[in-house]
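Next come two complexes built around chain A: one with chain B, the other with chain C.
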Partner chain A sequence: MTTKRLSWIFWIALLLFLLLYPHIFGAYYTNVIVIFGIFSLFALSVNLLLGFTGLLSFGHAMFFGVGAYGVALALTHIEGCPLLVALLIGIGSSFIFALIISPILVRASGTAFAMLTLAFCMLMYTLSLKLRNITQGEDGIGGFPIPDLNILGIVSFEMTDPVNFYYFATAVLLISMWGLWFITKTPFGMVIISIRDNAMRVDYMGYKVVNSKALVLLVSASFAGVAGSVYALFQNLVSSDGVFSIMTSFAPLIMTVIGGVGSFFGPIVGSGVMMLLEEVVTRYTERFSLVSGIVLVLVVMFVPMGLTGVVKIAREKWVLRRAANE
Partner chain B sequence: MNNILETKNLFHDFSGLQVLSNVNLEVADGERHAIIGPNGAGKTTLFNAITGTYTPSSGNIIFRGRDITSARPYEITRAGMGRSFQITSTFHRLTVFQNIRMGILSKKGIRYNLFRRVDKMLDITRETDEVLERINLTEYRDTPAELLSYGKHRALEISMAMATDPELVMLDEPTAGISKDETEYTVSLIRKLTENKTMVIIEHDMDVVFSLADRITVLHHGEILASGSPDEIKNNQEVKDAYLGEMEEE
Partner chain C sequence: MDSMTAVYIAQGLHGLAYGMLLFLVASGLTLIFGMMGILNIAHASFFMLSGYFCYQILQWTGNFWVGLIIAPLLTAIVGVVVERFLLRRMRAFGHVGELLVTVGIMLIILESVQYFWGTESLPLPPPHILEGMVSIAGIAYPIYRLFVIGMALFVLVILFLILYKTRIGMIVRAAVTDPDMVNALGINIPVIFSLVFAVGTWMAGLAGVAIAPIITVFPGLADQIGMDAFVVVITGGFGSLGGAFLVSIVYGLLNSYGIQFISQLAPVLMFIVMALVLIVKPMGLFGERE
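Up next, the complex of A and B:
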């Protein structure tokens, strides 16, 4: 019972902290939190495939990017498109895109899956550069209007205000993170974990593996789409290099590995660590990729279970020692 | 008695190597049927062909009156067949409880539920715990499968074949590699779990075969050498020459 109470206290404290945050730290650090949230959700969606289903995606940026372009195009071309509708269009675009390519992806696993996702992502990158009349090529789509958040026509919040946007983005991202967490606790969550451990046996237990893989791909793509959509609204600029580049695919993977593949919250920890690192490193050098690469190598070599894995082991040791002392 | 499983003129080859030739296996409803034969006789290949690992080169497989020759493993499982593996094949990072629960969920047809927490499904939890009680693994309920002793892991392997509550259970060398004491325990477990079910078992340990089986089929070089009651098989000269004889010499 006490652990339950402790976790309640933790969540309420976190919520209070997030509520008060923009009033304490000011606009710059408010934006940092939004970016942190976007990449945390993106990394969590990658980890749903990597850590839970055992599928390595080298091209997850495609789902992120399709969501971002979906929002940007909706807001550019649909006059008076409400905020939540634009958001749904973004998520829906990622979902439909995943639905189209999933019949090919679900039949692959291991290296073939990684290469296929990479190939599709590169395809989207090239398309976004070449379809100039839709995507405006290298320039990207920018300066589209950001509509106010209108709740049932009663209250309206101006989204161009950073603090208002912070509350909106944080709410959307937190609800999505909770949704992802919830899915890992459902019967379907057990099926994907079982696929990671032993796909052949899942088949023999009466589950159709390709269907389950297709569904987890759709779920993961949709949540990557949420992250991409919020990103588009936040940056007010979506470009090929910003959303479809290799680094956009690798950043959440690096965050996940550093934070811990085996844990649900690992990617959030990894995302936080990487952002702090970037914050510090860029004060001294522009070569952040070099530093993040070295950190990744060190983590893989010395703590392959990631930072959350280290904490878990330390806690187990502590519990054991306490039990021995008693 | 009706046959629950039949193979008709089953052939299978691996790129030219004939492994099964003209196998006509008949398994009657409710019997415990053992398949024996020397290494390389095609026993596991026969199992794999029946349970859908691969489609046989030619011939038909009829299960409960339905042609399942080219059906996939998940379809065959849903039709009411369960199987265990010679090489232990569990969900190694899941706990014993979670391993068995996968079978219970499958049996209930809960496969794509994204909207309810599985640990809040109390009927599923209760049913899984009942199975754990029956297989004497309650003590190891929350132990990850990979940390079980070999014998316990084998017991879990066999129980997973049974967790979907199949009509026909196919066990591929359930006692492979386990000690004499544990073999006795495993045999009594199999006896308990397959009550009122049909079972097909591949086994090398003749004590196990003769204590469990109602009927024995001997496979030799991919063909059925003989099929009959344990006594008939024991006294069959051909079988003695091909298989049982050489066992006694060892």
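Up next, the complex of A and C:
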């Protein structure tokens, strides 16, 4: 009972902290935490495939990018498009894009899956550069109007105000993270974990492996789309190098691996660690990618269970030692 | 001869040259993939690294031929070090770890290259003997590109001879099909792995030096050919050399004629071919195992 009460206290404290955050830390750190939230959700969606289903997506930026471009195009071309509708268009375009390519993707697994996702992400990158009349090529789509958040015509919040946007983004991202967490706890979540552990046996037990893989891909793509949509609203600029580049695919992967593959909260920890590292490293050198490359190699080689894995092992050791002493 | 035919021939030679270089890169990628199951994300980075090595050697000695010989060898040495000290330790932990290590290596090479040589594109002139044009069937064509086609063909013939006519080639082909069985027969598979990795990075390095005089050396050098090589390996079938060869040439030609006729969307053509092939054959044209 006490652990349950403690976790309630923790969540309420966290909500209070997030509520007061922009008033304590100021504009710069408010933006930092929005980016942190976007990449946490993005990394969580990657981990739903990698850690829970055992599918390594090397081109997850395509879902992120399609969502971002969806929002940008909707706001540029639809006159007076409400904020939530734009958000839904972004998520919907990621979902539909995943629906189109999933028949090709789900037949593969392992390295072949990684390679195919990489190839499709490259295709989207090339398309976004070449379809100049839609995506404006290298320049990207920028300066589209960000509509106010209008709730039932009663209250309206101006989204150009960073603090208002912070509350909006945090709410959307937290709800999405909760949704992802909820999915891993449903019977469907159990099925995808068993597909990771032994796909053939799941097949014999009468669950449809390929269909489940397709479904989890759609879910993961939609949540990556949420992250991409919020990113587009936050940056007010969507460009191929920003959302479809190979680094956009690798960043959430690196975060997931550093935080811990398979642990639900691992990607959030990893995202936080990488953000902190970036804050510190960029004070001394521009070569943040070099540092993240070295960190990635070291973590994969020496701490493959990630940070949350280390904490878990340390806690188990501590419990064992205490039990031995008693 | 009318000018349209001339354009066709010139574009065909361009496509052939690019297809050959593409195959030099893709063959290493597909061999490494077939044998070790590693999708080497850093493969194209070795290609770029070799271009920079050649530039540096040219700065020191002023001789292109020295660079052409030494730079790919240096690249192969870097490749073997990476294989021996990083990838070999990861083998027991499955493919995801190996993939992520190659991602890390890609980042490290990309950033180191910018640290040592800056971000500008560096010119790398071909030797005097290969400068200028030669007339083939009434069209002027750069000698250097013909040299590239010839050199790539030469390397390919040697590679096929080694693979299909020697004992070591037989072992490598057997290891592509079933590494565990070959290991059980008493052949030192880790050494064969290192050897294949070395040859693969050497060929990528050779292609990197060969392409440098055409499009100069810059940090984005690896992007285009790396992307193309992955698509070639997927379309041709994982681990299939013949498939990689066929698809490389087809893509080379598709690319150069595509630029001629539908310039905007030419790079998308090969993705369309890839998607069509995958819908019919999920393992690629000649792929057999996953």
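Everything that follows uses one rule, which is that the second predicted complex is superposed on the first by the 326 of 326 C-alpha atoms of A that agree within 3 Å, B and C clash if a C-alpha of one lies under 4 Å from a C-alpha of the other, contacts with A are read in each partner's own complex, and residues count from 1 in each chain.
Please note the rule applied: a residue touches a chain if its C-beta (ideal position, glycine included) is under 8 Å from a C-beta of that chain, and two chains touch if they have at least 3 such contacts.
Because the structure is predicted, anything quoted here is derived from the model rather than measured.
Clash-free side-by-side placement of chain B and chain C is the outcome of superposition onto chain A. In the superposition on chain A, contact is made by A:F250 with chain C only, not with chain B. When the two structures are aligned on the shared chain, A:G143 is found in touch with neither chain B nor chain C. In the superposed three-chain model, the partner touching more residues of chain A is C, compared with the other of chain B and chain C. Centres of mass aside, this uses C-alpha centres: at chain A, the angle toward chain B and chain C in the superposed model is 80 degrees, to the nearest 10. Of the two partner chains placed by superposition, only chain C is touched by A:T111; chain B is not.
In the superposed model, A:L123 lies in contact with chain C only, and not with chain B.
Put simply, chain B and chain C get as close as 14 Å, counting only Cα atoms, in the superposed view. Per the touch definition, chain B reaches chain A in the complex via residues 51, 72-74, 77-78, 82-83, 85, 89-94, 98, 101-103, 105-107, 110-119, 121, 160, 163-164. Note for the complex: chain A touches chain B at residues 182-183, 185-191, 193-194, 196-198, 200-209, 211-212, 215, 219. Within the complex formed with chain A, the residues of chain C that make contact are 33, 37-39, 41, 86, 89-90, 93, 95-97, 99-101, 103-108, 110-112, 114-115, 227, 230-231, 233-234, 238, 264-265, 267-268, 271, 274-275, 278-279, 282-283, 290. Touching chain C in their complex are the following residues of chain A: 50, 56, 58, 103-104, 107-112, 114-116, 118-119, 122-123, 126-127, 130, 132, 250, 253-254, 257, 261, 287, 289-290, 292-294, 296-297, 300-301, 304.
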